[in-house]
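What follows is chain A paired twice: with chain B in the first complex and chain C in the second.
The block that comes next holds the complex of A and B.
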């Protein structure tokens, strides 16, 4: 770090200006990629750019954004959660059964599952375990529990949840407002509070934090508990939209959430994450995967490829910008 | 006594021990019925996990962050390519296998190209690649209902005295992989890169070339696995490789290979694959439901890794 800062002071002001521009461009990249996808949609089908069009296209954006935020908390502690998808599915199954029929037990189960996440954080830290393997095992556990809770697709979302998710505010579609809200709340909590800095620091330089007297066990527990909390919110939001559940409903969210964090400018190591970027990344992926692509002459076979291609293009753009940053 | 102690020091012993315990528990439950048949079935199914597991092991040994997430999509596409090229005719078996091999190798090479050109973490590179491969597979394999040539289907199911021939060939292959890992320049280079990539580079290891070879190797093994699976299960489909993402990573780790890289273990891959297959057989024999089976599988994976403990940090 010191070598880098000395390096910057030695540079001329013109070079510093170029560097700042490159950094700004890098920060704006998630928003630019979203704008690009929107522009492509507007060009292919101008009628999609409307209140109704956005409500349809961004239908699943809220649960994807929440799952991406959950993954982001885990990644900011230098870990990876491969179980978030099946966890979202498990929460969905509980929401469509227990939470409707016996709300108190339902709430207890969901709170308990957040507790399990916190315990996993503690276990990973105390035994120094690779999070990839532990969460891989947990993905089986959540899937198994989901099937036990709801052996056949079905169940029904609680009425209050349906009411929230079908809310239609004037002028701006609900998914956009919700995404903004999620992004801003998490941005404030993680980027603007002092404990948020500690949490990110636990991924940036754990040794330094430990010497400064902070408990790494506590930061890991908090990060995993937050991931659990947002996983629960994601599963509930998903059921509020689909109205019924299925044990496999969340399986795709593991890979989507990782891709969303990276698209949003996050990095796997070093606690470098961006909540607003992650939400924008999730919106981009939700648009790219939306059923409306079908009406835009993109055959359904190639919709998964569209996700992959967007990831590759954005990352290629980032490399070009980073070269300037040197 | 010395033998016991030296065996206990080897991490792969535990996975075989686990497999043995699970097997004994099952035949105790059935009263000895079907003990031999169970071993035969376990060997034939473990083969597919071992082949991709060895590829994944070389990739994971390259160091933190190295993992091949494109294996399931790769297996799916290669199975479709193999079936289409063979077109149900015995004379095309070798050509079809070569086509699946080439398809897998190309996917591996593209994976490394993405990692190298975009300088992105392998997880994201192989993930983006797998999205695209999956689409190609859906588009290419649409409505594909070609049966494997009878000769090929018989070969993948061929048994001599209850021992699947494919398992014997795979044992020979894993012995080759172990020699490549411990005794050849390629394997030593992979281990060196996993232990310290910068030190390996300073010592003159051609880091880029070794990493390229490793990802291509993993892709190639995925391709072969796809062709063999299509033969064994008598047909290709898009989802044929789905379970091998988790399985390939799980057998590597349970088998005693370090997730932090630089330490690999070939026999452990066999032990862990047999353990996982026998575990599923045991739970099926006990007659538990699909939910309980998944739940117990997950808990056992978490339990095993917790008991084995992680590596102490080097710093």
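The block that comes next holds the complex of A and C.
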């Protein structure tokens, strides 16, 4: 009897060891894919691995990382945001016009747009609507508003924003510091605070959360409002880099942000997300997007397709590993 | 507090309806401090509905709830928790993506601020150590990685953790279903210590011995009502089984069937459940009505689906010699095409016969529908109306018409009478017997024991296996319950 129970304990702890290893492997996968892309770049063009090279290559990674974090909040509540790209574009247009010319109105518009995101969360929860449909509709609304604000490309970023985005810290390039900061802050907020647990739980088992007396309406509103907040930060960061705006500037971010979350170890349902993974996923995408392919002498016409191929390879590796986990 | 010896909770005349189905019909129920109340009954007897009301997750349509002697008008989950009432639900309510400590935090709003992770981990670890020594669970394990048994241990331990709210009553709904004998023993011993400390428990279990040994008082439910409530030592196993089943005489149908019994026809189905280890298999011949009994979810539906699949593609262990049709149990999700008319819903299983060249002949489809409307009595002015214009019982009739109107000689029924009124049921029973008399074979899974009276032969399932094979003359409710509740696991 004792021997038998000892035996089962030993076996189950071995099983759990295997599970923990698979989990660790999956957790390392985003970092691994980033290392792979970096190694490829170093091999193709050693001079790119330098302070200046990284500043240049990762320039656009900050807005992508912020948009990815925005998407991650929505995904942790088992929803999907198809409007984040055009929302980033809209924020960009507001930043390059109102925020510079009439800062008070600009701030009010941006805060109001975060409020709109919160309302969308409430609407999706109360009417039990599919978020894909609601946010797809909203993507056209944001796009239209962006065109109204800035009918043709132009505008100018506020000077303080330009100053922040062109900040050159010693030793470590700014994009890397910014990415680290974003990852750590969100990791603390979502993974370590007591309310972060409730937010993730709302994706893991909403019924259980409700039974414990928590409001699912509130969690959804908070998740969408956070998505709106990081969408605003993403749009502002983008304009701080490009210095002027265009209504279509963020359109690619919708799919990039979703890919970044998944690349970073997140899952579409079940509240399994990782903020640090998402930031790493965004960096990988930013590097794979153009620097790597340019160094590989892939003509621009083929870069989008090659980008997709890289994505499929990394995601396939992830599926293989999580299958082993079962 | 001047509550003295008041009941922890008291429900008077609690009623609950889900659509046309009456889940609870006027139940009085109470729990006193320092007692363990055992609650037993069949699937669908209303135990879970009643417990949801005690826990505040469901509000009764009518009736009163009183807690600690005071009437509660706006009773809810958070109110129940404040008053010290917790529930461990049958379906696990842990978040699989969170750690054990994080899941503990979800039940305790006060676990927040600096150091909450440490506090939550200490709280749950201490309780696990107390209830299940040598549990082998770390507070940082992700729940999704734990075995189902360990998850149940976490869930039970979590219900007994205390922070700022009081704790007087814990409802344990099938708490041992995923535990092995050793850990189940640890849990029940802890429950006794908990009761001895002046607290209370409600214990729901299908393992009757567990209830008899551990409860102070036993409440038996049937058909949404409390039928017996008495001190536990006034019960023995047989009295409990009789109370659950209600041994009223139902011989008349039996006599009818016995009279009309045809000689055994050719073999139609021979099937062995995938989990079956001994050589037992299910055999159905032409003209037979075969019942599949036992508790819900013990492999009956799986076997029906396997037989259905075997009809189109050979499978090992299953032999099917004639065309098959399935009447689904969950008609909304598995049976009905919501956008289609009644006639189209009936005709879909018989398209080959309704075809005229490449197209479906509307005339033949209408004929088929008319025939079955008359035969089975579907109450509608026009068979071209949408299927949702029908009441639930008539929708189910349309699904029967779909199966019986087809060329299928074997009809599989996956508990099709759920939530159907008694009038429709009797009409369909007659029809089934009539069709069986013409040589059709019926495999009938049902959770309602009365329906088994229509069967020539009943197989009782437990844990995906056939555990008993009862002929018409040996069929009694007690026998079915004895075999499906058998304590020997």
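The rule we apply is simple: the second predicted complex is superposed on the first by the 305 of 326 C-alpha atoms of A that agree within 3 Å, B and C clash if a C-alpha of one lies under 4 Å from a C-alpha of the other, contacts with A are read in each partner's own complex, and residues count from 1 in each chain.
We adopt the following convention: contacts are C-beta pairs under 8 Å (C-beta built on N, C-alpha and C of every residue); 3 or more make two chains touch, one makes a residue touch a chain.
Being a predicted model, the structure only gives us computed values, none of them experimental.
> When the two structures are laid over each other on chain A, which of chain B and chain C touches more residues of chain A?
Higher number of touched chain A residues: B.
> Once the shared chain is lined up, is A:20 touching chain B (first), chain C (second), both, or neither of them?
A:20 sits against chain C, while chain B stays out of touch.
> Identify the partner contact of A:153: answer first if only chain B is touched, second if only chain C is, both if each is, neither if none is.
Neither: A:153 stays clear of chain B and chain C.
> Quick one: is A:272 in contact with chain B, with chain C, with both, or with neither? Answer first, second, both or neither.
In the superposition, A:272 contacts chain C only.
> Using the superposition on chain A described above, determine whether A:46 touches chain B (first), chain C (second), both, or neither.
neither
> Tell me the contact category for A:198 with respect to chain B and chain C: first, second, both or neither.
second
> Between chain B and chain C, whom does A:169 touch in the aligned arrangement: first, second, both, or neither?
neither
> With both complexes overlaid on chain A, does A:127 touch chain B (first), chain C (second), both or neither?
After superposing on A, A:127 lies in contact with chain B but is clear of chain C.
> Check whether A:103 is in contact with chain B, with chain C, with both or with neither, and answer first, second, both or neither.
neither
> Quick one: classify A:115 as touching chain B (first), chain C (second), both or neither.
After superposition on chain A, A:115 lies in contact with neither partner.
> Touching chain B in one complex and chain C in the other: list those residues of chain A.
Shared contact residues on chain A: 207.
> Applying the document's contact rule, which stretches of chain B touch chain A when the two form their complex?
65, 67, 69, 114, 117-121, 123-124, 127-132, 134-136, 138-139, 142, 246, 249-250, 253, 259-260, 289-302, 305-306, 309-313, 315
> Using the touch rule from the top, collect the residues of chain C that touch chain A in their complex.
Residues 55, 57, 76-78, 81, 87, 89, 93-98, 102-103, 105-107, 109, 111-113, 116-117, 134, 136, 141-142, 145, 147, 182.
> What residues of chain A sit close enough to touch chain B in their complex?
Those in contact with chain B are residues 80, 123, 127-130, 132-134, 136-148, 151, 207, 255, 258-259, 262, 268-269, 299, 301-305, 307-309, 311-312, 315-316, 319, 322.
> In the complex, go through chain A and note every residue touching chain C.
Counting only chain A, the residues touching chain C are 5, 9, 12-13, 16, 19-20, 23, 192, 194-195, 197-198, 200-201, 203-205, 207-214, 270-272.
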